[in-house]
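The data blocks that follow each hold one structure.
Below are two complexes that have subunit A in common, paired first with subunit B and then with subunit C.
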Partner chain A sequence: MALLKPFSKLPGLNTAIILLVENEEKLQLRLGDALLKETSVVVNVRLAKSLPLPVNERRPRIDLVVFIINLTSEPSFQSAEASLKYLDPGYFLGKVCFMVTKARNASVPTRRLDAVRMLAASLHCPLLFAEDQTPEGVFGAADRLLTILKGAAGLVPFTTPLYLSHLTRCTLPPDVDQPSFD
Partner chain B sequence: MDASEGLAIVNRMVETVALSDDADPGSSTTLKETSPTDMLRLKQQMSNQCFEMEVQLNAGKNKRSCSASEAERDLPDFMSELEEAKVVHFNSTLALHRMQMWHALEENMNQSDPEEESLKFVSDRCMFLCSRIKKLQDEASKLQEEITETQKNRLEIKRQTHEKMKEMEGLMSKMEHPDSEKYKAALEKGQANLEKYKKMAIMTQNVLQSILTACKVNWLDDPKLQEIAMTLEEFSIPD
Partner chain C sequence: MEKSTKCFLQQLVRRTPTRMLKATLEKWDRLTPHQRQSVDFTLPKWVITQTLVTICEENGLTMKHITELEMMHVIENPNQGTWYSFQLLDPEDDAHSVELMLFKEQFKTHLRELMRNVSIKIKKHTDEAVWIRIAWGSGFSRPNHLKPTYVVHYLQSPYVFVRNLTSKLKPLLMQSLTLSTRHQAIKDANLSGPKLMAIRDLLMKQYQQSFPTNDASPLAKENQPGPIVNEQAEARASRRRMASEAFGKGAVPQLQSAVYKLETKYRDPSNRTMTERDEPFRCVVKYSSSNILESFRHCASAGIASTPVTPLLSSILLKGRNYFVITDNAPAAASQTRQADL
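Showing the complex of A and B:
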């Protein structure tokens, strides 16, 4: 039941490790497969249903934590919210991102989308929207995650996750009606 | 991070990875065919990661040295500083991208020898057409401006004409107004009189005509009488 820390271990050589946290375990496997197609960098995908993770000394350093939230189910959101407590504050300097699925579904209450948006804005984390029905959508989502992952793992020259998160975030107070992130 | 230190770290890491070869087969396969550029890339990545950790360590140190109220007070300054740095960064990135693009274009122009002539021709033609378009656009806008000016003038003239017409109408009605009642009454009276005298004249005519016919005078013989008889038909009898 330990806090997950971003700098407790040394980084691997040319390796980026991503942790996909999804309560329903619907998308994470497909997304992981899509992420493993990357060849220039060794991508290590780890899956979890929720945080905290069981104590495991051999677990490598995790560079990016992705919370996948299904907008049509409330438990998904609640589980992600509860899991956030088990992350070290250092992760919120550019090493956490939220991925929302089924946002186009008609049965999504707008309040939940607003809540997710508020959550992401208050934690200064990027919020991505993904299409999980089609393989193209999954590949697109994996592509976007890879871009963030490479930055978060420090594999992009002259860029650190902290720097990236400062560059992408808005200094104005977050407004619910206006998405603060691209 | 200085270069020799970074390289040393890379060497050390390569060694450690080589030692733990069986433990991590995924990364070892990629390492077997590393070229110098790959090595340099890895070095860059490592120094980047070291820098990140260094920043993290220093951030922890700085946090302890200042109180909450001071931090609160300094926050806006830092925010604006951050904003400025961001703006500078974006601007310079933009400038860099533009320069890169232009450089690439130039290189492309210089490199492709066989197509150089055609490319130059096309670009010249493009330039000519662009300048021509510009000229024509200028002309068109000038003409358009003239048209608008003329239309404005026309509108102005129309408005003035309207004004003048209104003024004239007003004047006419004003001039008519004081005498019109009197004039009308006089005209009616005169017309009534005229009607009355006309009736009387017609009656007299009839009487005279009847007298002439009754007397059976041959009025054609006497020129004076003829003249009178001829004028008897001057006022016709109204129906």
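Showing the complex of A and C:
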């Protein structure tokens, strides 16, 4: 059981490293390809099915951990929830984000959507909704992830991941009480 | 033409889709090309039947010829009804020397000895399979051609596939099969399904097999270059390897279902009433899919089912059967028994 630590290694120059955790391994590769289209910074993508990761001394420092949750499947949510405890608490200062897919599917129970929102709000992490059926949707999702990734990697002047975390802390709690169809 | 023959032809035409009917009639070769062209396949089935009856009467065709037509249709389209498989045991010394003529003669003699009114038709298909069509009668009635039993046997192989057999007539067929193939016993192979070819491939091991190995293949060992790195590539590769070991690789036989009949004790520490019952908890678990082995393999390689695969599932391919009775491990019944570890 190895905790993933955010500050155990030095960052690379102009480099941002993102870890995509998805139980179903369906979207992560396409999303990774879309993320690599970015040219202003060097993006490195790492994929995993769930945490913990195997021990690897040569693994660089990971700037942002993204949990991709397919709302139509309960195991997908449970696996993400179980993986959270293998992250160092330092990650929750703005270096974790949740991405939800298939939220518009009719077979999604509203309670699961609420559970995901509750989880994200209680950990003060941003929650993104993505479209995974079309290439445009994947590019859009990658674009939003890049914005967060640059901030999390410290590549945006005058912004830190902690600042991002504070922003979400202010806005999210009232969000939890709202019904999910707003 | 007799009434029963007419009735049989009518049923045959009704069951066969029109486009197949045309191809089968061409193959049948009992009608002249001119007669074949006179049948209009766009008309409703009952009109086609009437035309065919007239033509058959003209040509003086009998029940024998019509059964030929049916057999041809079944050989071309074997995936209907449910095929059950049986395994012949204890071959005698001359079992390997049984050839088609001898088998034909012996089978007919043995079955006719047991049952007087029975119509048997044997035909060899191109892929070495011997197809047998049996229409059963009783002591006093003529053979009923409307519900024939079909038997497929590959000579020199211990497997027999049977379709549409009633339990009353089963011992008769089994006995004549055992005697005419020079074996001493026959048993149910516990494998059934609508696709004859899938069942045959599974029993005769005609699919791509994957053998257990500890070394990963040289290709998988190479480190993936490039900016996208899978952190758990090793675990993923081993999951895939174990899945293909259990369920085969490449195209697997298209099996539709697997049935597990549980007769084990109920074990749940939180439910004492059920656990303390002396009688086993009886239930049936049925998996079904359009291609069940493929589905299992995907579940295992995607990590939905845990690996290594439980022997309960992997023995579908290993033992070539899809019906299992699971009882608690008892020394008395060791052959069929496996510890229930679900």
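Couple of notes before you dig in:
Operating definition for what follows: the second predicted complex is superposed on the first by the 171 of 182 C-alpha atoms of A that agree within 3 Å, B and C clash if a C-alpha of one lies under 4 Å from a C-alpha of the other, contacts with A are read in each partner's own complex, and residues count from 1 in each chain.
Keep in mind that, in the parts below, contacts are C-beta pairs under 8 Å (C-beta built on N, C-alpha and C of every residue); 3 or more make two chains touch, one makes a residue touch a chain.
This one's a predicted model, so the numbers in the text were calculated from it and none came from an experiment.
Look at A:Pro75: by the touch rule set out above, it reaches subunit C but stays clear of subunit B. When the two complexes are overlaid on their common chain A, residue A:Pro126 makes contact with neither subunit B nor subunit C.
Of the two partner chains placed around the shared chain by superposition, subunit C is the only one that A:Leu36 touches, whereas subunit B remains out of contact.
By the touch criterion defined above, A:Lys49 reaches subunit C but does not reach subunit B. When the two complexes are overlaid on their common chain A, residue A:Thr159 makes contact with subunit B while staying clear of subunit C. Residues 44 of subunit A touch subunit B in one complex and subunit C in the other. Interface of subunit A with subunit C (complex): residues 19, 23-25, 29, 32-33, 36, 43-49, 53-54, 56, 59, 75.
Residues 227-232, 234-236, 302-304 of subunit C are the ones that touch subunit A when the two sit in their complex.
The residues of subunit B lying in touch with subunit A in their complex are 13-14, 17, 24, 26-27, 30-31, 42, 44-46, 48-49, 51-53, 55-56, 79, 82-83, 86, 89.
The touching residues of subunit A, when paired with subunit B in their complex, are 6-7, 11-15, 42, 44, 90, 153-162, 166-167, 171.
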